[in-house]
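A, B, C, D and E are the chain letters, set down in written order, and residue numbers restart from 1 in every chain.
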Amino acid sequence: MEIKWYIFLSVTLFCIGIAGALTRRNAIIIFMCIELMLNSVNLLLVAFSKMHLSGIAAKFPALATDAQLFVFFIMVVAAAEVSVGLAIIVMMYRNTHSVDINFLNRLKN
Amino acid sequence: MNAIHLIYLVPLLPLIGFLVNGLGRKILSKRAVGVIGSAVILGSFIISLLIFFQVRQEDFTPQIISYFDFINVGTIHASFAFQVDQLSSLFLLIITGVGFLIHVYSASYMHEENATDLARYFSYLNLFVFSMLLLVLGANYIILFIGWEGVGLCSYLLIGYWFKNTSYNNAAKKAFVMNRIGDLGFLLGIFWMINTFGSVSFHDLFNPNNGIISILHETNSHRLIGITLLLFVGAIGKSAQIPLYTWLPDAMAGPTPVSALIHAATMVTAGIYMIARSNLMYTMAPSTMNVVAIIGLATAIFAATIALKQNDIKKVLAYSTVSQLGYMFLGLGVGAYTGAVFHVMTHAFFKALLFLGAGSVIHAMGGEQDLRKMGGLSKRMRITYITFFIGCLAISGIPPFAGFFSKDEILAVTFSKNPLLYIIGLGGALLTAFYMFRLLALAFMGKFRGTEDQLHHVHESPGAITFPLISLAFLSVVGGLVGIPEIYMQHGHRLGEFLSPVFAQSNAILATHEITHQTEWMLTGISTILIVLISVWAWNKNKNYQGETTAETGLDRVLEHKWYVDELYDAIIVKPLRSLSLFFNNVIERSGIDAIVNGIGKSIQYGSRQIRLLQSGQAGSYILMMVIGILILFIIQLFAN
Amino acid sequence: MNAIILTAIWGVVMMFGGVFIKRASVPKYWAIAGMVIILVANIMEFFGYTFFRIETRGMLQFDAFGLLFNTIAFACTLLYFMLNGRDIEKVGKNVSEYFALLFFILCGVAIASSFKTLLMLFLGIEIMSIPLYILTGSDKRNLKSTEASLKYFLMGAFSTGIMLMGIAFLYGGNTFASFYIDNLHLGTGKLPVMIGAGLVMLIVSMSFKVSAAPFHFWTPDVYDGAPTVFTSFMATIVKVAGFIAFIRLFQSSFGIMQEQWQTLVVIITAATLLIGNLTAVFQQSVKRMLAYSSIAQAGFMMLAIFALNDTAREGLLLYAAAYSLASIGLFAILIRMNDYTIQGFNGLAKKQPVLAITATVFLLSLTGIPLTAGFTAKFYMLLAALKTGNHLWLVILAVLCAAISAYYYFRIIQAMFFKEAEESEFVMDAPASFKWLLIVTSALIIILGLMPGLVIDWLYY
Amino acid sequence: MLGNYITFPELLLWLPLFSGLIIFFIKEPKNAKRWTLISSLITLAISLASLYYHDNNKYLLYNNVSYVWMPYLGSSFALGLDGMGHLLTFLTALSFPVIFAATYKTEYKNANIFYGLMLLTQCGLMGVFVSADALVFYFFWELALIPVYFLCSRWGGEKRVAATWKFFIYTFVSSLLMLEGIIYVYLQTTPTLTAQHSFSFIAFYNSHISPPDQNWLFWLFFIAFAVKMPVFPFHTWQPDTYEQSSPPATMVLSGIMVKMGVFAILRWVLPVFPDAVVHFRNIVIGLSIAGMIYASCIAMVQDDLKRLVAYSSIAHIGLMCATIFATNTTGLQGVMIQMFNHGINIIGLWIVVYLVERQTGVRKLSQLGGLALKAPVLTIFFVLMVLANISLPLTNSFVGEFTMFTGLYQYNRWYAAFAGISIILVAVYSLNMVQKIFYGSSPSETIVVKDINLNEKFILAVVVIFIFVLGVYPAPLFHLTSDTVTTILSHF
Amino acid sequence: MSVTQILFWFLSLLAVGAAIGVIASRNPVYSVLWLIVVFFAISGHYILMNAQFLAIVNIIVYAGAIMVLFLFVIMLMNLNAEAEPAKHLYLKMAGLISGLCLLIVFVAALSGSAEAKNVGQLGGSNIGLIKNLGRALFNDYVIPFEISSVLFLSAIVGAVVIGKKE
């Protein structure tokens, strides 16, 4: 499979994520869209690592491992973000009984 | 003893007088003030006299006494130096002599002032003499200019001496500003001179051996014309010629002795002095000479016509001064330098006499200056009357009084240049005779037309006033004798011979059309006869003036309003200038520049108000904005490069 | 390495301290003590004493630049703790947790100043960000705080996504298949599209972190909404750490092909300067004004990214010190104000002359008046930018914006000195020690303004 | 002597600085005032001593003092005094005691701060005049502004904050632009031992910037200085600020600060951008002369005494600016001495204006009148100052203006002629002012007027002595500055 | 078309379709479920590319842990009702359009340039095995590994601070 298809795939997912973040008002859904973006990145990284494995990394497989480990760390961070993010969203819900991001717009101008 | 080494004392003494009177005005008594004020001038006069005698000696060469560098930088090289030669020594005598008499006169005339004011008065007067002396002694144009401005300042201060009166102040201001206009021309002339000749010293420029002008050998070059014209602008201002003459009649607001000293005898002749000093330059610029002659003549006639209809005794004399100054410029313009200087001298005598006489009259009348309210004073003020009469004779040019010789000389040279100018000039002389005798008759003949109170008050003035009158009357009678024309007496023109070194180069250049003795006799005769006739006519016409008003013609009204020149100036200069200034202030400054500056501030605030709206407070729109930013950056990076 | 480990350890210490220490006033002393230890350890590392010999595989590199910045950041934090220790206690109940989070942030700062791979950059920035999301929302009863926290979190996560995509592209595009920033060298030829795309995304996400326009929108709201003590911290130390990371990344990885992406930085810089300064003009609340001013200052710091030369590095360090000191001081004063609007400052000079004068020094420094560190910093930025020799208009724009900044900074000065206060019984809480600390801060600013060499010289030590 | 350890420029700099800082802590207003006066007198003495030891040959090199400051930048804390520096430091040193003494009677709120700020201003001004390094120069250039900003905003008329703000923004914007210019020029300088470039004078003079660069750099510098002078159309801050600030601040502003602009043009613009000067001189001269006429006209219709004097000052400065750009020896010499003369005269004029305002409480011309009756001494001094203002011969400004006009004429006669119109206008408005204040009938009954006291008489007498002595014998000033002029012109 | 290719396309379409489902569902619970589908699809891709370990982790961590957490929160808040008010249409359009634009720009830029390199599928390497990754993680990547613990720690502390009732 040519690399460009992977690129297109993950870019498409990425942009869907962005579009979702733009079109929705529910904080949780926006957050999920962001998770979608992160996943598209993961996919891309794995694809690249595989691509490099047939190229420069053929002699140094460690170079390809790098990308997969990077994905691992992204997952770690994503997990951490989720815990914090959901806590914040819960806090918001507690305060406003809503998760609509447009509901909170006291800070402006 | 070489008196010339004492030359610094001549201006210094009046300066000391100024300082003493000025600083001690609270301490000194009235008497002390008068004495100090007069004594310093007397001192100067004596030294001037000593110098004069030294200058008269055969082997005298002009001397320059340099004290220190005044401005010696770049292209300007001017030291603080005095030049003593025939011309300056003559002027020294006139200034200190007449000046002394007027100081003496003032001491008495101003006795009603309190001590402080009197001290102020005398300090101004001394300062004036100092400046005037600086003017005539200066060895270069810059020192001359110092005096030139200095006398202007003193004139300003003295005209506005009675500072409570606003119109007096306005007159003073007017005098100063008009002088300033002339001074600008003068200054530009000096700048031009510095930049073309590299020197402003009379010696460098004019000395016969290697003077810059002398060896130039260029006639009527544009730079010479330019410089001389600009200098002449200065003279126009200072000597009250058309178009800058209107300040002089207004200047009569000052005390009468001031009018006599400054606005008749000395300061106003500074212009003539300056041109006589620069005679070589003018001679080599005949075009300027023509301008000078025409302006002089025009002023002479113009001012004389105005004088015909004036009723203020001092105003008449003022216009007469303007007119006489015009004659002097006419003389300069036609190349009669000696004649012009001669006329300066005689004019100083008789005009000072006339003013002081007028002062005596005013004094006696308790401040009244309107001729229509005088009359019949001849019986009560004998000395004043007689001396005034002599003055009239002298100014009208009736032989053998002083004015006759000087005016005649100017007119004779004018005739040799251009008979038409002569005829006009003669017309002016006739007008002079007319208005002077009208004045005389109105003031001294007929019935007294003042109030009872004034009548009671009228009496002859004290000695301190009559002494200068008599002295000046004497000088008015005999003053002309130093310049008796050749036709009457060989070597009769002592003054001409005395001054000849100063004008030698010019006279050599000027092709003098000698007129024959017969012509001269004839001219003199005709003019004398005409003048006498006019005088008698004016005398008779006015001696029984009763205060009745004859029907005024239009011309009368125009003359009475001085040809409406003041109004004209007001309309074309003063008012537009004021409107322009207001326009600058209100429109350009406030609504223009300031508005732009404030506008920048306002537009920043406006921008601030608008741009803050981007900050809508909604996370969604923030992300949208970010995405748009990313898009733009992407497009630039990936496609624009 | 000392700094990273010690901050992490001290964070844990503080965290557990929260369990054992019941009195709210104690943790700050612990924090200050820890900060001193960390500062000393960092300085010792600067002189070659490393306590922990850990093989980093070149993922971290502790060079003079980074260590110097750490020193500045830690010193500022120490000052911050001393000035604001009591105010942190007032935010909520979890005092020691707040301190723990602050130490974790510092760990991120230390990573951001020493990373050598994109992975460490990513981790460092996340370690800086996640605790901040929490600190922003720490004033739980306050809706504004919640709002700020949510906005910050969502946008921060979004920008993380962008950054990761950029990293992925860089990894895919570079022929070494490497995350090491030194290995991204790609010659001066035309950029491959993938690298270009990755570059743009990195610029975007870094701009987001340093709040450069048009990715700054979170800044005013978050700074405004967060508890003021934490605003003070994130507007200063965290923000300049972002810049340090920014210049570290771009100088070593993309420096040689700067021409190909300079335009982007120019646009961002210009936009930041304009938007930051213009918007600040309008603000009535000093806190919000300072938020915008931090954007404006970021615009000036962006000049370092634009210039990307040695002078820019020096300047950035100076700027970090100058800006942090002045802002921390100003926020410390602001926290004690009863009214955050500009009117609240009216007549301060009469009530609290020391506060007013030190505030003036801080404001002058932010404006960039000579004799203050702010001037020297701005001067270096201009110097660096002019050294590049292109885009002169940007520099002119910068100075014009600096002039605009005078407008809003001086409004406070005018309020303090030339306006009369309304009658109020409010007595400001300003103990002597606080005043002395402010004076020390001002003195530091002036010393740095006179002798920038005190900082810069160490760069070449 | 002590010159081995500490030099005059340093003394002139540190003394006001430290005494200014100390005076902040003297709470008693009387003492603050006294110590300020003493400090400024000591500064004056130092300045006199430095003039005494001044040697044209010895100080041709600018670097009198040089401390390593920022070696990696090629900037050192270099101070030096050439003729022009001497002239202006002396002016500064002289003005402050005169100002303090003249306004001694006025009580200020928080006097210690007021006087401390005044002395800091003095330090800043001194710094500008003695600096021999562009960065040091810029430092002091801005530093002089800050205390003045506080001075003018804190003490003065009702609209003082806004007026001062305008002033501040004007100067701040322009000086930032100048900073950019300085850096740009710096980057063109040749390497030195310690650094790639240098901020020193000499390096700047030898930078040889290409003409196209000069053309835009010129404006960066010129606008900064033009604002300070101020030259039309950058002048609108000036009348407002002068009107609103307290008298001592106004005196410092117009007496000395204005000279900073002139000084800086002579020091920086002319030697560093000679080609641009030649290229743009007609524009600048045109602006300056237009400004002269313009300001004079506005002065004629001003009713406010302070604004009138302010506009008058603009007109006078316009001539200086125009003449500088004629770039010839005569003109520059004139400008040099006129810097000093104008400083003295305008301070004298402000003092009398201040006295009028203090004695009457009014400064609207239309509300004044007849003061000569009640305050003859004040009148005399006022008239003397006015005479100096209209540059009557034998006053110092005559010498300056005459020389300047000659220089301007040498460059182009029409410029001189147009500029000359202002000497008529100056007479008009100056005499008008005298007339409206002092002459005419006595003032309204509400105004109680007393004459000035001995102390003020003495101060004014000092000013008057300067006016006339330098008007009669200006040679020392010419001599002092001739070397600087030669140096400047050697770049053309 | 080989099996792997067919699988690729299938998984890709599944991922994209599910992703659209995530953003299009009105009910958040559905969104979560769609997202899980996406994760599974992506995990399939991982397997195709021999990244077995990641595939497993993805399912365990993301689909298993994170998504459950999401679901949990949504349930907690009782958001399963379609409570979300719709955004303004034009804002929605703007969001969609800019997302689309971004996609177009990406595709346009990358399609021309991406070198025609192949990604080997199914076999060819064993780097994705847990053994290899584990070795690398605890040797070369020990520093980031340890540091991520700090990250976790702070996240924990944060969650506690935020979540604790006062």
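Of note:
In this section, a residue touches a chain if its C-beta (ideal position, glycine included) is under 8 Å from a C-beta of that chain, and two chains touch if they have at least 3 such contacts.
Since the model is a prediction, treat every value here as computed from it, not as a measurement.
Look at the CA centroids: the one farthest from the centroid of subunit C belongs to B. Of the two chain pairs considered here, A-B and C-E, the higher C-beta contact count falls to C-E. Taking the mean of all protein Cα atoms as the centre, the chain whose own Cα mean lies nearest is D.
In whole angstrom, the spacing between the mean C-alpha positions of subunit B and subunit C is 78. In terms of their C-alpha centroids, the spacing between subunit B and subunit D amounts to 37 Å. Rounded to whole angstrom, the centroid-to-centroid distance between subunit C and subunit D, based on C-alpha atoms, equals 42 Å.
Here the CA centre of subunit B is 103 Å from the CA centre of subunit E. In subunit A, the residues that touch at least two other chains are 3, 7, 14, 17-18, 21-22, 25, 31, 47, 49, 51, 55, 64, 66, 69, 73, 77, 80-81, 84, 87-89, 91, 101-102, 104-109. Listed for subunit C are residues 119, 123, 126, 130, 133-134, 137, 140, 150-151, 154, 158, 193, 196-197, 220-221, 282, 407, each touching two or more other chains. Shared contact sites, meaning residues of subunit E that touch two or more other chains, fall at 87, 91, 94-95, 98-99, 102, 106, 109-110, 114, 140-141, 144, 148, 151, 154-155, 158-159, 162.
Pairwise, the chains that make contact are A-B, A-C, A-E, B-C, B-D, B-E, C-D, C-E.
Residues of subunit A that touch subunit B in their complex: 18, 21-22, 25, 101-102, 104-109. Partner subunit C is touched in their complex by these residues of subunit A: 3, 7, 10, 14, 17, 21, 27, 30-31, 34, 37-38, 40-41, 44-45, 47-49, 51-52, 55-57, 63-64, 66-67, 69-70, 73-74, 77, 80-81, 84-85, 87-89, 91-92, 95-96, 101, 104-109. Listed in rising order, the residues of subunit B touching subunit D in the complex are 68-76, 80, 116, 142, 145-150, 153, 156, 160, 163-166, 169-170, 172-173, 176-177, 180-181, 183-184, 187-188, 190-192, 194-195, 577-578, 580-582, 584-585, 588-589, 593-594, 597, 601. Note for the complex: subunit B touches subunit C at residues 601, 604-605, 607-609, 611-612, 614-615, 617, 619, 622-623, 625-626, 628-630, 632-634, 636-638, 640-641. On the side of subunit B, the complex with subunit E involves touching residues 620-621, 624, 627-628, 630-631, 634-635, 638-639.
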